[in-house]
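Look at the two complexes coming up: subunit A is in both, with subunit B in one and subunit C in the other.
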Partner chain A sequence: MTDLTPITALGGTVARSEDFGVLRLTEQPDLSLASLSLRKGQGVPSPFGLTLPGVGQSSQAGEYGAFWIGRDQWMIEAQGTQDIAAMLKAEVPEASVTEQTDGFATFEISSAGGAGPLEAVMRKLVNLDPQAFEPGAATRTTLEHISVFLVRRAEDRLAVIGMRTYAGALWHALSTAARRIGAQTDGELAK
Partner chain B sequence: MTRLSKGGLIDRDARLRFSFNGTEYSGYQGDTLASALLANGVQLMGRSFKYHRPRGVFAAGSEEPNAMVTLRDGARAEPNTRATMTELYDGLSARSQNHIGSLERDLLAVNDLLSPFLAAGFYYKTFMWPKAFWEKLYEPAIRRAAGLGALSMQADPDEYDKGFLHCDLLVIGGGAAGLSAALTAGRAGAQVILADEDFALGGRLLAERDRLDGAEARDWVAITRAELDSLPNVRVMPRTTVFGVYDHGIYGAVERVADHLPTPGDKVRQTLWRITAKRAVLAAGATERHIPFADNDRPGIMLAGAMRAYANRWAVTPLKHANDPIAIFTNGDDGHRTAMDLIAHGARVLGVIDSRADAPCFGQYEVFPGATVTGTKGRQSLYAIEITRNGQSEWHSVGALGVSGGWNPNVHLASHHRGRPVWDDALLAFVPGPNGPQGLIPAGAAAGKGGVADALADGMQAAITALLEIDIAAKPIPLPQAENAPAAQEAFWHVPGKRRAWVDFQNDVTVKDIVLAHKENMRPVEHLKRWTTLGMATDQGKTSNISALAVMAELTGKTIPQTGTTIFRPPYTGVSLSVLGGGDTGPHFRPKRLTPTHHWAEAQGAEFVEVGPWMRAQYFPQPGETHWRESVDREVLAVRSGVGLCDVTTLGKIDVQGADAGEFLNRVYANMMGTLKVGMVRYGLMLREDGHCYDDGTCARLAEDHYVVTTTTANAGLVYRQMEFFRQCVWPDLDVQLISTTDAWAQIAVAGPQSRTLLQRIVDDADISNEAFPFMACRELTICGGLRARLFRISFSGELAYEVAVPARYGHALMQRLMEKGADLGVTPYGTEALGVLRIEKGHAAGAELNGQTTAQMLGLGRMVSVKKDSVGAIMSRREGLAGDKRRLVGLKPVNAQKPVAAGAHLFAKDASRDMANDQGWVTSACYSPHLDSHIALGFLEDGDTRMGEVITAANPLEGQEVTVEVVSAHFVDPEGGRLRD
Partner chain C sequence: MLIPHPLLGLRDAQEFTYLGDASLMHRPDPAREDAVAAFADYVFLRDNPAGVHRELWFHEAGDRSWLVVTRDTTTHEILGAELASDVKLGGVQ
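Entry: the complex of A and B
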């Protein structure tokens, strides 16, 4: 175990979290990521018991998750800090695996007021129809000029996974939108 | 006071105070600034653009050309705001524009006396000579005299936002057609957005006295609004202007979220929405046109339909004195509606002056058939008009005059994709043509169906048609009983005469100007527009374009459609730059990338430099250092004598895996990569398809089927994209997988003779001695007690050097650890400036040398382009011309060591004249070398490799600099390369 102390993507020693009305924005440093790419002619495997999802989708199996990021290519997620690339390579030795945990910063926007406020904040951030982006949907899109992955974890929870070096800019964009939506009344949020 | 005692959609219990030009007034909730000013008897609201003529409000909507005010004070002051679109709020403050002295006594009104000299084209012809006077004298003087409001020159204190909406049907406009379209689609369950620029829905239904189902139209509007609000699939957006149609069904819209509030508070002022709509209904209504006649621009003269709107919606007559009579001048039935409405409200009506000989009469008022208005009196407020019939003229006292020349469908959005409007002879107007934006269906008055019954039915039908195209079955809805008002009219476009008759009020263009344009052969409509400036003001000629076209048609003897029409571009009405900018200004203007050691560098007091999106430490000033050069020189010397640390995370890292990874890289790189041994690194050069150098960097082989490619910072994304293109499209048969890992690793360059000693202190158990880990070796290992890391023995500085990579979250701690462990070795952090000096001293190429114009031969790397295999750009690099380029990278040392050389300077033989024919190359990079205590430079020089020792000139004629330089090897430091191999 190294004696070096890691910092989060936002530069802190603990994850940042902030509430904006019914919305909560949270940095999630404990999500481990590795990309999985199939070799030519390789069949679709089921690492960690995951059913690797199709285009625009994500899947979940216990502590593990996966979302589609390209043809024959997925991002595999695991809760907690672990050597996910080595673990994944052990599951699918014939595939190409790349460590991605520190390539990204993961933020979650959650709503204590149901889907409405979350969808309202999505409308301010990304050119996606929130009603078509149902729980389980995953995609890559642009947010404030930054390329991000979005995974709709649930009706009221959205993961925004962006390049780690953009974490500060991403937090600014997400928190600005959340602050404005969080300040709105129920009536203003109705539509 | 000219407020009617009852009626109107105003809340008489909610009195609002406001000021105009410093005078306090009051109005009601529901008023616009224009209606509230009229209610207070204020007719004079501004001065015209060119002649400074007194002007009053002319319209009641977004087409307003005259009543332009500066709204609010201080940093929130907003010039050129239409009083007709400004929702009244308590404490509103507004000022008129474009006058010197008071609005009533504008000193620049002298321009009006000079009007015989200021006709169209005057400036073009007059201010030609002397040329030098234009910029310093004429233009500023003209700009001072002619214009609109001025900016506050203070930063906008408010927030602006942006967002995205998606729907099945976007309904643009909430009048009769728009409401019936939205209701039809809403009831069918479609996702609907209804946007209207007004703060109240209803459009002309609020301005007329039409009855729906026997009741006031406003009742139906209220019921319909309530139903739309209750439908979860309908989003009603008042105060929202859809200003443009863009590609793929995307519509631009501005929502004025807080413009109607004294200050936005915790709201944004405006939001820019990009609406992706599968289909859209254009129910934008129509704009009334006027009839130019002599002196038709006086305060008190306005569009007859606007006069109705003021009376019906705002319970106001546009008079200075409440009991003055009002006259109407029209060429059709529509003008008569105004007379009847005014009579219904108890106003005195002089009569209707109708150009038609067989003019009808619909009620108890006088009609002047076959008559025209041929003159007016009242400089700041209309008091008399001249009515001429059969050559007989007589003056009548009036307090206001309504003018109705027919209605022009608002075709603007329908012509945004070069959709040409088409002339409708029966309507005497242009209607949207068949080639407008795909998926946009005009309806109601915008399609020439302006009668209430027609508009309601047409809106419903448009929604049904639009939804059917996207497989949503919508049923007809029961529509309220309504009647179309009589709308007969004749083609009567202007009253000929000798005095000035305004066509375009905002830009002061008269019939005479059009006649002059015709005389001077500015006849095509595009020439007419530019020569006279007609339609080029902020209102884009909404009330003037068609009238001007008609006058030109008459002069040329052609029909109006033969004369042509202009089409429209976005925006439909003015859009502020603040909202187009999307909101973020200052430090968040664009997103920034921070390196893993950014916060550490910040704590050290580093100066940062923007490198593309990255913020990089430029240098680390130490106490006592007063000039950046002192810091940089110290950092450079520390690397050459001890050890330095630099965050190089910004270099692109691409993970390349697969059975054919080696073959793939052989094709991407000009040199051989397939033969690279596992555990080794090779410098690689990529060419563009045209044979020029594209990018360079190192390529490390971690396993038989696993490489890591390093790119330059600037090209990281481009090279990755290019490689993906090759993988997916050019060589799909290869087994190769790519993914970027740039951000995943914090990479720190450890450079200098003491670098190995320092690294040995943090490496866990790997042997990194020169024998075990030679120059260009790489290895995956652990450091600092088990942290996985990658170590590369590569050097950009020319010294013994390494780059160590750890998971990004540990970059900060690793930097601290290296500083701690290297204290006794003199470890020094260095920034991009020192990095640059070190590589120039070593003669390594960077962005300035790889600028897209250079070849491998020019860089002295010609032999790197392998002839044993094919690769991107290899064959093209051997073509004649490219291969024949004789310029070579050389070092340049000024004969006077302390004389700086400018990068970008051109190279000439010592006595050659400084011209293109004798140009022998250019200086790419230059710096001061503390190691050599001399300025040095790199550059490309004709036959440079054979001219060592020659003395030439680096000339910078732009700044009058000439520096005598000696041609030397590009490797100022350790040309044999012994240092990096020891």
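Entry: the complex of A and C
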């Protein structure tokens, strides 16, 4: 059998990670994604014990997560490489489920200096109010003309989920912003 | 320019694409006797008001909802936005 080597969206054999001052940018290749759309008139289910979140929100239950992407539509996340679409379809057979994992690349920006530097990066990259984008918030927007999902995992962590073919361009955009903000925070810490 | 999305709040107009007059939602019945004339009007005739205009915008880089946006064509002021499905179906989904 052909011996294949799995690679990440950025082409490496291990996830890329880079530090910029207090900010860390990490590639997350181990997130499985599937979209869930309800059929007309269908009640809101709770797959994997998740409470499917309302407009612009996300939720977590164990190693599963969900975020709102449109009316009666959610993206379901699972840690690790697994056949999430089949698992989700088994949970909610009456809804429409589509595998999304390989269509997307996930990056996380985390800040060792609290919410401030993370919000500074957001201000540079997206036209959203970072302070209104509280922990648990999730939305789709554009970042340097690239369509992305943003999920604020915590006050100091932000997930950026973009199209996999744009992984390199997204890394460039995120790392350029993080480098500038990181350099500023380095200066502040040195004072 | 910011569009007050009824679900998501103020969002950058760059996330949206513009379709046209909101009257496009009212497609004539093709079974009507005068359907040909009605469709000719539907496809080709538009009002071109200087002032308040209701138009369809698609939140393409957002939640992919269609909105009916009320805009003043002389000032580009956005006066309001509603979900097109609410306008068409009267809020009944």
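The rule is simple: the second predicted complex is superposed on the first by the 181 of 191 C-alpha atoms of A that agree within 3 Å, B and C clash if a C-alpha of one lies under 4 Å from a C-alpha of the other, contacts with A are read in each partner's own complex, and residues count from 1 in each chain.
Basically, contacts are C-beta pairs under 8 Å (C-beta built on N, C-alpha and C of every residue); 3 or more make two chains touch, one makes a residue touch a chain.
Since we're looking at a predicted model, the values are computed, not measured.
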Partner chain in contact with A:Thr26 - subunit B first, subunit C second, else both or neither: neither
Partner chain in contact with A:Val55 - subunit B first, subunit C second, else both or neither: second
Touching partner for A:Asn127 - first (subunit B), second (subunit C), both, neither: both
Which superposed partner A:Thr142 touches (first subunit B, second subunit C, both, neither): second
Which superposed partner A:Ile7 touches (first subunit B, second subunit C, both, neither): first
Partner chain in contact with A:Gln82 - subunit B first, subunit C second, else both or neither: neither
Contact breadth on subunit A, by residue count: subunit C or subunit B: B
Overlapping contact positions on subunit A, where the subunit C interface meets the subunit B interface: 40, 71, 127, 132
Sites on subunit A touched by subunit B in the complex: 1-9, 11, 29, 35, 37-41, 71, 73, 83, 96, 98-104, 123-129, 131-132, 144-146, 163-170, 172-173, 176, 180, 183, 191
Subunit A partner contacts - residues on subunit C that touch it in the complex: 7-9, 11-12, 14-15, 61-65, 93
Subunit B residues within the subunit A interface of the complex: 159, 161-166, 191, 232, 234-236, 266-268, 274, 276, 583-584, 588, 590-596, 598-599, 613-614, 649, 655, 657-659, 728, 734-735, 737, 739-746, 782-788, 806-810, 812-814, 817
In the complex with subunit C, residue positions of subunit A that touch it: 40, 55-56, 68-71, 127, 132, 139-142, 147
